[in-house]
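What follows is a set of structures for review.
In the two assemblies presented below, subunit A is common to both, partnered first by subunit B and then by subunit C.
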Partner chain A sequence: MNTGEKPTLAKGLMLLPALIVLGLFFTSVIMLFSNAFVDRGGFSLKYFEQILARPDYHVVFYRTVITSIIVALLAVLLAYPIALLLWRSEKHRNMLLIVVLVPWLVSLVVRTYGWIILLGPKGFVNAFLGWVGVIDTPLKLMFNDTGIIIGLTHVLIPFAVISILASLLSIEENLEEASRVLGAGRWQTFKTIVFPLSLPGVFTSLMVIYLACVGAIVTPLLLGGITEKFVGSQIYQEVMATFNMSKAAAWSICLLSLSFVSLVILKFIERRALRGQE
Partner chain B sequence: MNDKMTPPTRDAAVGSIHIENVSKSYGDAEVLSSVSLDIPAGSFLTLLGPSGCGKTTLLRLIAGFISPTRGTIRIDGRDMTQVPTQKRPIGMVFQNLALFPHFSVSENIAYGLKLRKTDAAEMQRRVSKFIQLVGLDGLGDRRIAQLSGGQKQRVALARSLVLEPSILLLDEPLSALDLQLRKQLQFALKDIQKQLRTTFVFVTHDQEEATMISDRIVVMSNGHVQQVGTPQDIYSDPQNLFVSKFIGEVNELPGKVLSVGQNLAVETGAGSFELPTSVARRLDPVAGDKVTICLRPEKIAIADPAAPVAPGMVSADARVVDTLVIGPLTRVTLEAQGTRMTSVQMTDALGPLPSGASVRIAFAADAARVFAPLTADLATAFGDQA
Partner chain C sequence: MRKMTPTMKMLGIALLLFLPAPIFIVFGASFNGSGYIQFPPESWSLRWYVEAFTDPRWGRAVLTSLWIAAVVAVLITAISFLAAYFTLRYAPKISGWLELAIFSPLFFPHASMGVAAVALMASMGVVGTPIAIILAHLMVTIPFSYRPIHVALKSVDPDLIRAAEVMGASELRALWDIILPICRSGILTSLLFTGIISFDEVTVTMFLIGPEITTLPVQIFTFIQDDASPVLAAISTLSVIITFIAILLLERVAGLSFFVQRQSS
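Moving on to the complex of A and B:
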């Protein structure tokens, strides 16, 4: 009642920035669709046919999906122990969290160049392995799928650490103690109590990382080879190199559908795994 | 289906706890200082004290979540120092209950049995038996989130009891419930304890709760055991001023010992009193000592100022400040030369007491208790200034 008539205009004005952003967003989506589906003034699936007809493009899709799945699983696998450590160390949690997040303060491009220095044929890793005597010829760690996987996993691990940690922190106090009083050892307690209750965080990270990977551009561009293309880097090429906006738009819509379908599948798996948990 | 089950009974000798000189320190802070305690098998013992007194620490030591800095804890004569929690013959109900949210009611109760590789039929039988024992019939398939506070309480109890531990530790399990439910569960707990003859070690800061359910109470403060005894003992014969103040209501008359002879003469703000030396048997005072006379409100009788003082009674002049009738009892607030006192009497036995009326208060000389004043660290428990 005390929010009278006068502030209405002011409130409307405050919505303006958000409306502009939303407007631009929707305009771009509409333009995306019109670019992809319209050819010479009429509806056409021409650009989609161009993409779906080429077997080498199919490989790009497979590579994107499979690499993204590998990265998501790898990142979660590596992040889980880190999250556990952070969860356990109440005293130093904030400091450790900063250590986990520090890479995000460095630009993505710079970080990726860092990996080039480490992974290249004369890079640190190969030099070290050669020096130790494990390998004779340098391993090919870059300009292939391995490089993409390493680069993307590194970039995306903090997401997994944070969301798994959030899940662990939401586990009610004393559940572990309760389990031990009831006769469970530490491993048993982890297996039946802690791990199942941290699954929401695991699924969130899988989802976020998978989606981030599927749309990745910079890392595949810099660490992938010329032939190892991602959907994202393919779109980048269509826009920046061949200036074929319509084909890029068709690629984007394919990517969007791919992400959507993956999301639905992942949600289904999550629902089954978390049956019984609210 | 024979649902009228007989409760599992046990050998009454199993479930005793012996705590010898146990101390626990974190860095420089000693939260428990050489506590020694014998808890007989099958008893219902309550650790009572204000928050921070070390009662929960003691419970966690018995559970084995932490280990003592010094001293030993024995269960049934066996030293528990090297025995991990999961191997101790104990159950525990936590303050926050700690139910597993991703399990149903029966899965929660079956958890411990599964770990012990109990066969399916036996497990089924025991789970349903305990669901019934705690009064949760028909709720076995419910999720924890679908239960009320009292029902969760019962699940936590059943989950521990189904393993038939010889000792059950309860860490303020009722503190989150409303008064009525709390009363109800206090009776249920006592009832179950009697049926199972399990040793219950119950932690609470609520003295009323402690008096109501326990066989024996351990009053604790600042990491020390102040007194161990039956609720009756502790109320009528407290060891010191802390216990006296913590259990029930008490009138305190701070004063000074004038002389110690056949009688103990104490001068207080409300007047000088001659008391038998037995009332200070815990103290052994000498003339000049600062002491506090404690009087339970029900021990202070209100008499006509003109009436003669009966033998064995001590009296003082006072003025009525206020009266408050609470059903069968009446609380009378009095003032004797500036010292406030409370008397609780049967409403029927009292005449009219208008505010400001002059009366004579009288109490049996041996009903008083004389203690040394509280030490500074104990006084903080009551929010008094030291």
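Moving on to the complex of A and C:
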């Protein structure tokens, strides 16, 4: 809708509120860095050394990354059939989409709370298994990695569904028809046409879910407890329990660098996977 | 092949139904008669709803979350509209840069964003006030507001604006009578979507609350850690209902196509 007019300074003021919001965001990032790198008025790596010197902290990073990779793959795997279902059911798509959107947009705390009720020692899953007679003592489904993986995966599947569905919907119908007319079977059509063309959605999901996982606080804290620490729950404790802002900031910067490196690797894989398309 | 094989279809349906399952569990647990969470409940009662409505802490948290969500939705929608309108109409050259800046918070893990926000708000001395929560929510929601509005504005034909202005309409009049109606669904999507996000946000918000103010999801979070009274199930159900109504409203007034559009901008 560019009408080719030159902007005036007065009109440029329309940009100001957005610039203020963005300015606040970037200032907060700068504050994060100054909190982490400055100690008693001078540059210092003290807080990073404190983190890197602790082997138990390495475990926290390791657990966060591994769990996040598992969750991202699992969520995409479980989301794909749902996305296919929605793609295929044009008539009821809106209704089915609401079934996906509601769990996505309902507060994280509420969904995690549901899992606490389900997975707890006296929870539904254990009560049911005990009643059927499969187990004598309750399974430990919570306060360990299993709980975190189940909770995070469930929380993030809806996003993957939406993003994969968006990719599927952008596939031209005649491509598929052409493939079928030329004699390709159902599976071959899926393998050579549908799946490769849905890859952008798959990679977007992997990236967003991975980021959401490494930066998660609520779900790991509530389902993982205080023993199975995540980077997020560690950060939360530094701020809320030990009031060590500088160390929390140092953790946050480690988390940022970690996600940045992971994103670069994922982008590299994506480029290789999508080579030959377009 | 417009049809799926029955096995795939069943698998898809089973997985789809798994998504709202924990929400139904919370719903069921809220009618539990006993003093601790139990599923399936042994007796039924509405006592937890009575407690939720009589305990002033919950009423206050619900109201706080609602008014903050409303303020954030209106502010961020106006902010995004002005920015998108200006760049698309007068300065398309900077459009790419602006988008890059606006979408950059998306690549920030929420835990880091929470710490960054609390560092900034503490230096401004506003932690524990509504200002801190509103400012943080503006940062969190700006990408989700800018995108639908940008897409809507992009579809406006510049000739329509030229025509209106040649005929003597002021810029404001053209905005009001031509551009806003065309962008209606984009604007409504932004309002409701960001309102829902703000209402349900917890990871960043929980760093910014104080003794004077807390939001509904953060208070639920605090209570889960302290004691697991079934009143939480009742409160959670209410929060689900509010979100659900907002999503239905979004479907009615703007449609859901925005969520499954592949962005080509």
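Heads up, the rule we're going with is that the second predicted complex is superposed on the first by the 264 of 278 C-alpha atoms of A that agree within 3 Å, B and C clash if a C-alpha of one lies under 4 Å from a C-alpha of the other, contacts with A are read in each partner's own complex, and residues count from 1 in each chain.
Please note the rule applied: a residue touches a chain if its C-beta (ideal position, glycine included) is under 8 Å from a C-beta of that chain, and two chains touch if they have at least 3 such contacts.
Bear in mind the structure is a predicted one, so any value in this text is a computation, not a measurement.
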Joint occupancy of subunit A by subunit B and subunit C, clash or fit: fit
Which superposed partner A:113 touches (first subunit B, second subunit C, both, neither): second
Following superposition on chain A: angle at subunit A, subunit B versus subunit C, Cα, nearest 10°: 80
Partner chain(s) touched by A:273 [first = subunit B, second = subunit C, both, neither]: neither
Contacts of A:193 with subunit B and subunit C, given as first, second, both or neither: first
Subunit B versus subunit C, judged by how many residues of subunit A each one touches: C
Touched partner set for A:157, first subunit B, second subunit C, both or neither: second
Partner chain(s) touched by A:99 [first = subunit B, second = subunit C, both, neither]: second
First, second, both or neither for A:180, with subunit B first and subunit C second: both
First (subunit B), second (subunit C), both or neither touched by A:129: neither
After superposition on chain A, the shortest CA separation from subunit B to subunit C (Å): 8
Those residues of subunit A which subunit B touches in one complex and subunit C touches in the other: 180
Touch list for subunit C against partner subunit A, complex: 1-5, 8-9, 11-13, 15-23, 25-26, 29, 36-40, 76, 78-80, 82-83, 85-92, 98, 101-102, 104-120, 122-123, 135, 138-139, 142, 146, 153-154, 156-158, 161-162, 179, 196-197, 199-203, 206-207, 216-218, 220-221, 224-225, 228, 232-233, 236, 239-240, 243-244, 246-248, 251, 256, 259-262
Residue ranges of subunit A touching subunit C (in the complex, touch as defined): 1-7, 11-12, 14-15, 17-19, 21-22, 24-25, 27-29, 31-32, 35, 78-79, 81-82, 84-86, 88, 94, 96-103, 105-118, 120, 122-124, 127, 154, 157-158, 162, 165-167, 169-170, 176, 180, 186, 189, 200-201, 208, 211-212, 214-218, 221-222, 231-232, 235-236, 239-240, 245, 248-249, 251-253, 255-256, 259, 263
Complex interface listing, subunit B residues touching subunit A: 63, 65, 84-86, 90-92, 94, 96, 98-104, 111-112, 115-116, 143, 145, 159-160, 163
Of all residues in subunit A, those that touch subunit B in their complex: 172-175, 177-185, 188, 192-193, 196-197, 276-278
